[in-house]
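Structures for review follow.
Both complexes shown next keep chain A, but they swap its partner, so chain B is in the first and chain C is in the second.
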Partner chain A sequence: MTRSNIALLVLLAVVASLPLFGGAYALRLGTMACMYAILALSWNVVGGFAGYPSFATAAFFGFGAYTTGVLLGKGLPLWLGVVIAAVAALLMSAVLGAALLRLRGHYFAIASLSLVEVLRELVNNATDLTGGGMGLNIPLVSGSGVLAEAMFFFYAMWILLLLTALMVMAVAGSKLGFGLACIRQNETASSMVGLNTTLYKSIAFGLSACFVSAAGGVYAAWVHYIDPSDVFDILYSVKPIVMALMGGLGSPLGVACGAFLYLGLEEVVWRNYIQFHSGVLGLIIVLLLLFLPHGLISLRPANLWRKAKHV
Partner chain B sequence: MHAAQILVNAVVLGCLYACIAIGFSLVWGVLNVINLIHGSFIVLGAYLAFGLYNALHISPWYSIAVAAPLFFVLGYLLQRLLLNRVITAPVLVTLTMTFGLDLILNNAMIYFFKADYRKLTLTPSLGSVSIFDVVVPVDRLIATVAALALTGLLYLLLRRSRVGRAIVAVRLDRDAAVLMGVDVKSIYAIAFGLGAALAGCAGVLMALIFPISPLTSSGYLGKAFVVCVLGGLGSVSGALAGGLLLALVEGIGSTFFGPAHATTLSFILLIIFLILRPQGLLGRKGFE
Partner chain C sequence: MSEILRLENVSRHFSGLQALRDVTLTVNKGEVLGLIGPNGAGKTTLVNTICGVTPANSGEITFDGKDITRIKTYQAARLGLARTFQIVQPFAEFTALDNVAAAALFSQPGQSLKAAREQAMAHLVYVGLELQANQPAATLTLAMRKRLELAKALAMNPKLLFLDEVNAGLNSAEVERATKLIHELAASGITIVMIEHLMKVVLNVCTRIAVLHNGALIADGAPREVIENPAVVEAYLGQQYAKRNVARG
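Here is the complex of A and B:
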């Protein structure tokens, strides 16, 4: 257990104590924070560890939201719906990954972007099952009060985040994580020395999909109504990347911090500049990439000092 | 005659698709950047045509001459000042960068022009011609010819001019081009400017045919993706072939499965092509 992993667990424990201090608004923000952290940490497995520029996060998020939504409509309990969504996404992404992950660089980016479009259009057109463009109403899970429900979904999302964080740590410390780092550095060389790159990449893609899908499922039950343009929004693919870049690519602690910081920025922008919120997000992206390409983690005092010594 | 109509529609639409995609293909091929602002540039070009026609009664045919230099300068500056700083970074960074720029431009357009759908309506209307049972509106016909002319112009530019040969050289082998004395930085900016100019001109043509709204930009961008991958990256003939194939598939697809499934079909085709034939129909390395 490295120091930064312990710091991440402490951070999560602090987040879990949020209901002690805040009301319904704080709980909503906390739920969003956990969701964003799940998306960013999951993306980090394939984007940060393996270095594949995946834009498919929105595809799996929407897939999970719709799978869970439809299953809840059929009367299944929430936990079962979420588990089925996660397992289905794991299988689907592992199979898709085996094909898509043979592409590299720009071609992989385009293919993963297209995956979002394909799933969105399929859901849009399968009106009988999903309600199509009219969206899908999802039955209330519990009949209890507003605050109790907010609390329930906060902890549901938090537990999912904890599981995601444990998964990411386990991957980072295992042979799988080492293999992914090799793939990132030089894929051809790592396959030359006997690494089964296709298998490793498919596992990474599958792991990054299943927690996102589960988060989508909890989100769907939480907001009670989803439609294709909402859950298959390409922003769900880009935001995790921005969070990861903000915090520092590849470091789980940095990525989680990036997600929380991003949510804070987003909330401030939404509250004050509703008409410019996507423009401000664009501005943040541009400034971040120009001036802080290695994320906040590069601002550690040690790094600054070391840099100063060279100058 | 039904089949003939589908075929003619596909040719008309295919040339327009090629015109949408060609600037995107040029930037991707030469700069190795997936330029996500392309869709918003097209919409901005459409607004330019709309504004010039409604305010000053300048016909869209002349708006092309206004749009081309304006967008060239815009693209040139954007590349020189912003994109050039991250041009050597991995695809994740350049792609996210252009996405951020696209968010800014699109948000600005929604703010200034509103998200309402508008339509440029020529008065008097140009009507349509019909040969046997095949009907083609005249404005579409002229837009197709203009799209073909723009495509041809780019082809000539790349083939005949000094700058064009330098662009092709950078595309083929960047390091060798540097050794031959090509100023790669300025070639990058010129190529990006050309891409933007083509997007602006394509937007002017689109204004004649399709409704205009900032919300349509991602649709145009998606078409550019598919055309580039189908036809093969970085060649004028590839973009034409890709555009025609896409329009044909969409036409036949919407006849048999309904228009709602046309987009799905085109993206499924894109993924199949990426996996089986990533170099596209006419794929080869090189730009003419």
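Here is the complex of A and C:
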């Protein structure tokens, strides 16, 4: 196991100890942080490792939220609903991926973006099943008080984050990760050395979808009410990309840090500049990307030392 | 000699452009076939068609007794068809070692990354790149990248190796070194089809020459016969070359 993987696990352990230090607000932030990190780490598999800029994250998030929401309404337990959502997303995205991933670059980005719109419209129109534009009420999972529930959803999201991180680390160190790196660098040459690029890309797309879908499921149960414009919000596609870029493309540790940093900035800016918070946040992101193009992960002490020597 | 590859009436067009016209050609085990012809004759398209990059529109390709006309690129690679690219195609961020390891890893089923890296090192030593093993491919010189291409192709344990202008852009010392490598490869029993413009190298290395012109095969035979063939002189070599050749005997 590499040093940065150990650092990531330590970071996750620190996040898990959050309930010791804060109340309901800290738990809410912690749950959001875990959710963002799941989204960003998942995007990293297809966007960072394979180099395919996917905008489909919101599609899988909404898919998971609605799958779990509908199943909970039918009386299934939460864990089962989430597992079904994850498996369904894995299969659906792997099949869709085999078709979508024939496109490259900008074309793929636009096609994956359209996936969000298609699913949103499907949910909007399947009124009998999903409630359409009126949204979907989701039964309470437990009636055991506000704080206990906040704690429950925090740890549910945290466990998902841990699983996502373990998946991403396993991929990074495996033949699959090696193959995805080949695809990112030169897809033609990859198939020429015997790499089944369609298969590898589909697996990557599937893995990038299943935990996002599971997170969507937990989110739905957490907020009790979802509607299409909330869970199919295109920002769920854009934010993970920004987080991954801020943290350091391709590095699991960097991407997780990027997600936490993004949430921190979002929260601080929103509190202090309520009138124009999006503007300030956008400015900060542009500045960060401009002056730290390789993300937080490039801020290693060794690198800083080297820069200092050259001055 | 038994045949390893057979093309029968293979044609390929890119909308209006007929890149290959009814090419019928066999390659025998162990030979070094030179594929020559003017620019745009269809030499690279022929290799691409055999490897499944641009499948044939009509005709039939048989490799080692199997019909591979409609095969996918990665399947061709796993069957033992390896190639180098005229315009080198390294994995730029990977080290030279990982470039070759990728070839060893994905061309053979059930290979582990560790074993692939070990094999890769042996191939780098063979082409003389062991000192550059841990350098990113992007930092290598063109001659080194050409040799890296060769190491990648060899790591796939090829039965049939296509060399697409491995000598283009190299200086004479580098050409000599590459030619020596090709001789060694041929001696080790790999069947080679080489696309080459340097006639010196072609005549030095090849046991047989096939000539493409406007997508059609216009000559196929022993090197000396082919370069004296009037159609080949007309289409590719030119009268001056023919005269010099006759003068030299």
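Here, the second predicted complex is superposed on the first by the 301 of 311 C-alpha atoms of A that agree within 3 Å, B and C clash if a C-alpha of one lies under 4 Å from a C-alpha of the other, contacts with A are read in each partner's own complex, and residues count from 1 in each chain.
The rule is simple: a contact is a pair of C-beta atoms (placed from the backbone, for glycine too) under 8 Å apart; a residue touches a chain by one contact, two chains touch by 3 or more.
Quick caveat: nothing in here was measured; it's all calculated off a predicted structure.
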Check your understanding: Are chain B and chain C a fit on chain A, or do they clash, once the structures share the same frame?
Key -> fit
Point to revise | Partner chain in contact with A:185 - chain B first, chain C second, else both or neither | key: second
**Study point:** Arrangement angle, chain B at one end, chain C at the other, chain A at the vertex (C-alpha, nearest 10°)
**Key:** 80
Review point. Residues of chain A touched: more by chain B or chain C?
Key: B
Check your understanding: What is the contact status of A:282 with respect to chain B (first) and chain C (second): first, second, both, or neither?
Key -> first
Exercise for review: State whether A:72 touches chain B only (first), chain C only (second), both chains, or neither.
Suggested key: neither
Review point. Counting only touches as set out at the top, which of chain B and chain C does A:122 meet: first, second, both, neither?
Key: first
Check your understanding: In the superposed arrangement, which partner chain does A:238 touch: chain B (first), chain C (second), both, or neither?
Key -> first
**Study point:** Which of chain B and chain C A:290 touches, first, second, both or neither
**Key:** first
Check your understanding: Where does A:255 make contact in the superposed view: on chain B (first), on chain C (second), on both, or on neither?
Key -> neither
**Study point:** After superposition on chain A, the shortest CA separation from chain B to chain C (Å)
**Key:** 12
Study note, to complete from the structure: Listed in rising order, the residues of chain C that touch chain A in the complex are 51, 53, 72-74, 77-78, 83, 85, 89-94, 98, 102-103, 105-108, 112-113, 152, 155-156
Point to revise | In the complex, chain A residues that touch chain C | key: 174-175, 178-179, 181-182, 185-186, 188-197
Review point. What residues of chain B sit close enough to touch chain A in their complex?
Key: 28, 32, 34, 82, 85-86, 89-93, 95-97, 99-104, 106-108, 111, 218, 222, 225, 229, 260-261, 263-264, 267-268, 270-271, 274-275, 278
Study note, to complete from the structure: Seen from chain A, its contact residues with chain B in the complex are 47, 51, 53, 55, 99-100, 102-103, 105-107, 109-111, 113-115, 117-118, 121-122, 124-125, 234, 238, 241-242, 245, 275-279, 281-286, 289-290, 293
